[in-house]
Amino acid sequence: MTGRKQNLTRRRFFELGGATAVASLAAPVVAQQAEPIRIGVLQPFTGGLEALGQQGANGAELAFLDANDAGGVDGRMFELIRADTATDPKTAVERANDLIRRQKVAAIIGPVTSANRDAMRPTIERGKTPLLYATDYEGGVCSRYISCYSALPDHWVVPIVAHAVKNLGDSFYLVGSDYVWPREMNAAFIAECDKTGGKVVGEEYTPWGAKDYTATLRKIRDSGAKTVVISIAGADAITFVKQFAATGMKKTTQVVFFGFSENYLAGLSDEESEGIIAPTNFTSSLTSPEAEHLKERVRARFGADAIVSNTVDAHWSLARMYIEGVRRAGGDDREAVTDAMVDQTLMSGNGEVYLRPGDRHVDLNVLIAQAQGGRLEVIEELGRIAATDQCT
Amino acid sequence: MLEIRQLAAGYPGGGRVLDGLDLSVPEGAFVAVLGRNGMGKTTLMRAICGLLRASEGTIGLGGEDITGLASYARAQRGIGYVPQGREIFGDFTVAENLTIGRIAKPGLSPAVPRHLLELFPILAERSRQRAGSLSGGQQQQLAIARALAGEPRLLLLDEPAEGIQPSIVQEIAQKLREIVDTTGLTVLMAEQNLAMVDGWADSLAFVDHGAIAESGVAAAGIRQDQSRLSKYLSI
Amino acid sequence: MELFLDTLNYFSLLMLVVLGLVVIFGLMNVINMAHGEFLLVGAYTVVGITGAGYSFWLALALAPVAGAVVGLLVEALVVRRIYHRFLDTILATWGVSLILKQGVILVFGPTAQSVANPLPGVMNVFGVDYPRMRLLIMAVAILLTLVLYIAMFRSNLGLRLRAVIANRDMASALGLNTRRMDMASFGLGAALAGFAGAIISPVMSVDPQMGAGFLIPSFLSILIGGVNSLIGPLFGVAAISGSSNLIAGWLSQADTQIIVFLMAMVVIRFFPEGILKRRQK
Amino acid sequence: MHVTGVEAPAPLLKVDGLAKRFGGVVALSDVSFELEEASIHTILGPNGCGKTTLFNVIDGSLRPTAGRVEFAGQRIDGMTAARIARLGIARKFQVPGVFGELSVAQNLETALACHGGRYGVGALLRVRPDAVRRDELADLCGLSAKLQVRVSELAHGEKQRLEIAMLLAGDVRLLMLDEPTAGMSVTETEAVAALVRQLRDERGLTVLIVEHDLHFVRSLAEPVLVANEGRIIARGDYETLRHDPRVIRSYLGEGADA
Amino acid sequence: MIGAKREGRTGLIATGLCWIILCGVGVLVDDWLLAQVAIYLCYGIFAMGLSLIWGQAGILSFGQAIFFGAGAYGFAVATLDMLPGTGTGILTGLVFAVGLATVLAWALAWLTFAGRGLSGAHFAIVTLCAAAVVEIAVTRSGFLGGYNGLFGVAPFTWGGEMIAERPMYYIMLGVAFAVFLGVTAIVRSPYGTVLEAIRDDENRVAHLGYETRRLKTVAFVIAGALSGLSGALFAAQFGFVSPSLLGFALSTQVLIWVAVGGRAVPLAAMVGALVVSGAENTLSNTLGDLWLLVIGVIFVVVVIAAKNGLFGTLFRLPPPKRLRKT
């Protein structure tokens, strides 16, 4: 409400008449008690990452709708407002502004890419609105208003290097899309190799929308690398894996794929995906009670075909952490919830996870999974891993 | 064969070039349309072959009204066109130019008839050569042969003598006469060069300011007809 | 040897895409920005048909039909109305590309689709193990190019097409139904694109953005070769694919793309009529 | 300013050995002539004799295959069309060279704005073209009532007149007219002839006309160059030339001997 | 004649009304919407630049976002103190941004227009390609923040305080109005007439003695500078820059705005930018995927059926006084 009062004073400055109309526009309308808690679901519903956006939205909505079904928090219901980033930072900022300033949301869950998140950051901090970010990224976000349910290089790279050096062979060729996350992942990978005695024999970045990886594949084969490490994002990764599989190099070369999930399985045949190794926090082939619970909830709400992926789990878990924060704070006051939601432990789709108060990142349970017969099967469980503090 | 009634035509935004033009060409006749530049000769030719739409009036071919037809439909009904500037396909071979004249019409076999090549021996000789490398006179013969390859009933020629050596002009005129006499082809020719007309065409029509000022004039002896030459051709 | 095969491979991919573009551009003087989306039509035909349980080869046969149908619709609804307004055709077909891409998203969803590789495994050619599907694509691309060019330069149908390209009015005055040939060429161009999209679908991700990556290289190929030439684009494609593959041998793909595009721009700048035509004034 | 009496002036335009070929077609072969300042010459010849090509070479639209063109002592072949125009050569096209999408006033302004050599953007932004002069020109071409009309809506003759008015807007020394009387009646033709003479007499313009209309040439009564098959075959005054058998042949065809 | 006169008068009235309404918006609308419209005004300035070269001179550029992005990056790099000696001053930032865009526009114009030059489709495709190259190159550049871009670009401040939405809106409106006046003055000057003549027939203009290449280059550079200015203003309000600001996508978006608005009339182009991006904002949430389909259809229909766009006829001004009879 304070914001509106300010409006009025400023408005007086510019008033050219019609003051009554202005006043009636600005008049407060709703009684305090029954007011729902508005949550912005800001995801890429168009523009290239729609699949992830849809799953993120599903995960978040599952948490909030389940909370509503249970009677809300202190009788207050959650109202979800979807907004589309179009996978474009400019649009993401516009939508974030819209959600915070016009829709007056109590929190925003999303977006997917680092570029969008970083672009939104000043808006979020200016609006003092909690941002719930539940996508794996390169690390380094340290903000009072941003809570991250994300696998960082510490979560994935360190264990996978150890696993690979032991099981797959110790020479690596790194191929990534040409943006920040692959570069940071690969930098961490190289650093880890230096420690453990692995050898990186090549590193390469490909542009968005590449159609022909022949030259890269030739270089990989000529390099003699035993393992190729992929951090290509989106559909390009599918093109790469298809062309890789067609060369028959699979017989001699293993594939480690950062960010591989059920989404990619849909775009590849079983033969093409067979054997791909990926670190992850959740896969739908888990059979633990908590995983079965999540799968059952998702299918109940979104149908039997709905994909239950890492992304769904992350958004679902982080949204529930926020709901717990609202409960602890006794309302949706942004500052109070921001303070209250950290330092909590919660059962995710894959074991208990912990939201740290210091850098507002989550300690996750990491798995190493392998594509087998069109499913992502767990081959190693590494337990809960605490990343280094992102604020230092 | 050709009946034009009250034809009006022009270019977008350019006003009317033809206005109320009447012309009738009997079957088997060789008629030349004479007039100064800018009087509408080329416009008339383009309007008859359909590259320019008539804004008013009718054009009849062999009793059928063809005014509304597209140019390819008119060609298929028997109009052959030799444009000003020849417009042969310069990058094609001579043989291809002739073939295209033939296969453009449905129902004709692709083979170029032998009599056509006998009529223009130079074309047979150079059939593998790029048409663009021919001399102007040879290109003109090619353009005529290309039109004839489609076996038209009516042949339209727009200034066939333009830019061509006098000896070749005579040769071309003679050949046209020969074709008219042997095959009964109807020819309508727009011209300024009297050598192409005098002694070769049957009759003349004079076009002045977009209309036919006089028609049915005998072609023979036109070179001595000072009053008409002065009036219509400014000679 | 392998470098040669790799170059040939990219050459074949690009050639498949460019063939349809050349037909449309050359004949109708329309810069078809929706060409990449005609590829989508072919690729998604495969997705739909193989998804319904039929074989890839049936889908491959039907894809050009689907492409042609879409192409004819676009021709009748859009291109026919403005093809005398050259620059506007660029804009309109680009609008069409938006519509087609969004239509695909509405029907098939935004995610990448899988087309199983119908010819898995490798084959030894000239001492190199090479994926069989790629060899098929190369063979088909080369064969199709040959057939198309032989048809263009040796058949009467090709002669008709070339006559319309060379001089539209004159071709019409000789009796060629240019209206029908426009439709035929647009349909043929779209059918070729549909076929190309279908045959490359097993080797790359089939997603709504799939056509976009081909847009710039294929137009550059045509401009390098010369817009009103049928042979030129062949050289253009060779230049783009050859230089891409050579440079990618020692630089990363992203840098390669920058360098190849810049080189192409410089070539176009100094040879606006294409590398084959001498500058004349 | 009547300059015809000046003794042996240096030629304003000198064309020497000019040739132009298009593939197998020879449009110009070895054309040479000179034009004195403030003279009127007509190039007479049948259609297709290379007249328009000659104009295209002189005004910079085409590069000659061989030969040279000098204007006021300066070699101009190879220069851009714009530069040649700025030297003072204005050319009237056979199809009127007017801007169809622009109004009459805008057409005249396009021609007037560069009057006085102000061709740069800065000058164009600052300059307020002489409206009085504009209206004079509009009067001259009889279009003062149609200043706001889009030129594409004008009649053919109006466009022709507009184009001549536009050419006269600048600092012209040599005016080249490509068949200025095409499509005109005899009286109109005579009016054009009078206008051309007036321009020479009052403004000292040198005029080169391509024409095949003998009436016009006769009423102009100025020197004539006769062109045929890409060369100049005769030069002289009309009355002499009309009895020259070469000229008669080129007009009436082989075998004519009137 | 009478019809033309009346059309001119309605154009004048509509233009006046349009600016009055935009002034009124600043009073009537809430802060959030105001901030949005202020951003759209950036797009509007961008669109007016494009309308100068496309609508007036007939040069279809598929790479205008290069200059918008150059302005945005230039402003960001300068105000983030990434360059030695620039400090973090807003004014320095603006000058640097516009300067960078101008230099780039001049370079591209030189590359494409000099000599025999490129035009029409060649120009369109080469600029499209240039936009793609620049986007990839910036994505590759670590100095410029790569794919994520640069963050924390300083907003406009007054006396150390960030300028609030409403004054900011009026600043933007003022800049847009100034640009409108400038572009309109160019369009209505003799230079504008000559550009229009170039659009009609470049060759004939050359035969009147104009170096058309130079005239086109200047128009292109002015449009580039305006794009740079709008990019800088955008960066200041948005607080970040990323490669998508200088690529193919934004280049084509601005073409849509201008085509839908009306390419030949600067104000119509600007209103096109306001209306289309405003509609996109409200409709993309409700229509989702359908929205892009709808905008595609609208665009195609406008290109085919309405060459003047939706507002071109409405905002057409009467011809300048000097072109009327004295």
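Here the chain labels run A, B, C, D and E in written order, and each chain numbers its own residues starting at 1.
The rule is short, and it goes like this: contacts are C-beta pairs under 8 Å (C-beta built on N, C-alpha and C of every residue); 3 or more make two chains touch, one makes a residue touch a chain.
Each chain and its UniProt protein: B = Amino acid/amide ABC transporter ATP-binding protein 2, HAAT family; C = Amino acid/amide ABC transporter membrane protein 1, HAAT family; D = Amino acid/amide ABC transporter ATP-binding protein 1, HAAT family; E = Amino acid/amide ABC transporter membrane protein 2, HAAT family.
Since this is a predicted model, take the numbers as computed values, not measurements.
Note on connectivity: the fewest chain-to-chain touch steps from chain A to chain B number 2.
Annotation of chain A and chain C: jointly contacted by E, touch as defined at the top.
Each chain gets a centre from the mean of its Cα atoms; the one farthest from the centre of chain B is A. Of all chains, the one whose Cα centroid sits at the greatest distance from that of chain D is A. Spacing of chain C relative to chain D, judged by their CA centroids, is 49 angstrom. Work out the mean CA point of chain B and of chain E, and you get 54 Å between them.
Each chain gets a centre from the mean of its Cα atoms; for chain A and chain D, those two points are 74 Å apart.
Centre-to-centre separation of chain D and chain E, using mean CA positions: 43 Å.
Chain contacts: chain A has residues 46, 178, 205, 207 touching two or more partner chains.
Residues of chain B in contact with two or more other chains: 90. Each of the following residues of chain C touches two or more other chains: 105, 110, 254, 257, 281. Here, these are the chain pairs in contact: A-C, A-E, B-C, B-D, C-E, D-E. By the touch criterion stated above, chain E contacts chain C in their complex at residues 58, 60, 111-112, 115-118, 120-122, 124-126, 128-130, 132-133, 136-137, 139-140, 252, 255, 259, 289-290, 292-293, 295-297, 299-300, 303-304, 307. Contacts from chain A toward chain C in the complex involve residues 46, 48, 50-51, 178, 204-207, 209-216, 218-219, 234-239, 242-243, 245-248, 263-264, 266-269, 271-272. Contact residues on chain C toward chain A in their complex (touch as defined above): 2-3, 6, 9-10, 13, 105, 109-114, 116-117, 120-122, 129-131, 133-134, 202-207, 209-210, 212-214, 244-245, 248-249, 252-254, 256-257.
By the touch criterion stated above, chain E contacts chain D in their complex at residues 1, 4, 185-186, 189-191, 193-194, 196-197, 199-201, 203-212, 214-215, 218, 319, 322-326. Chain B contributes residues 49-51, 70-73, 75-76, 81, 83, 87, 89-92, 96, 99-101, 103-106, 110, 146-147, 150 to its touches with chain C in the complex.
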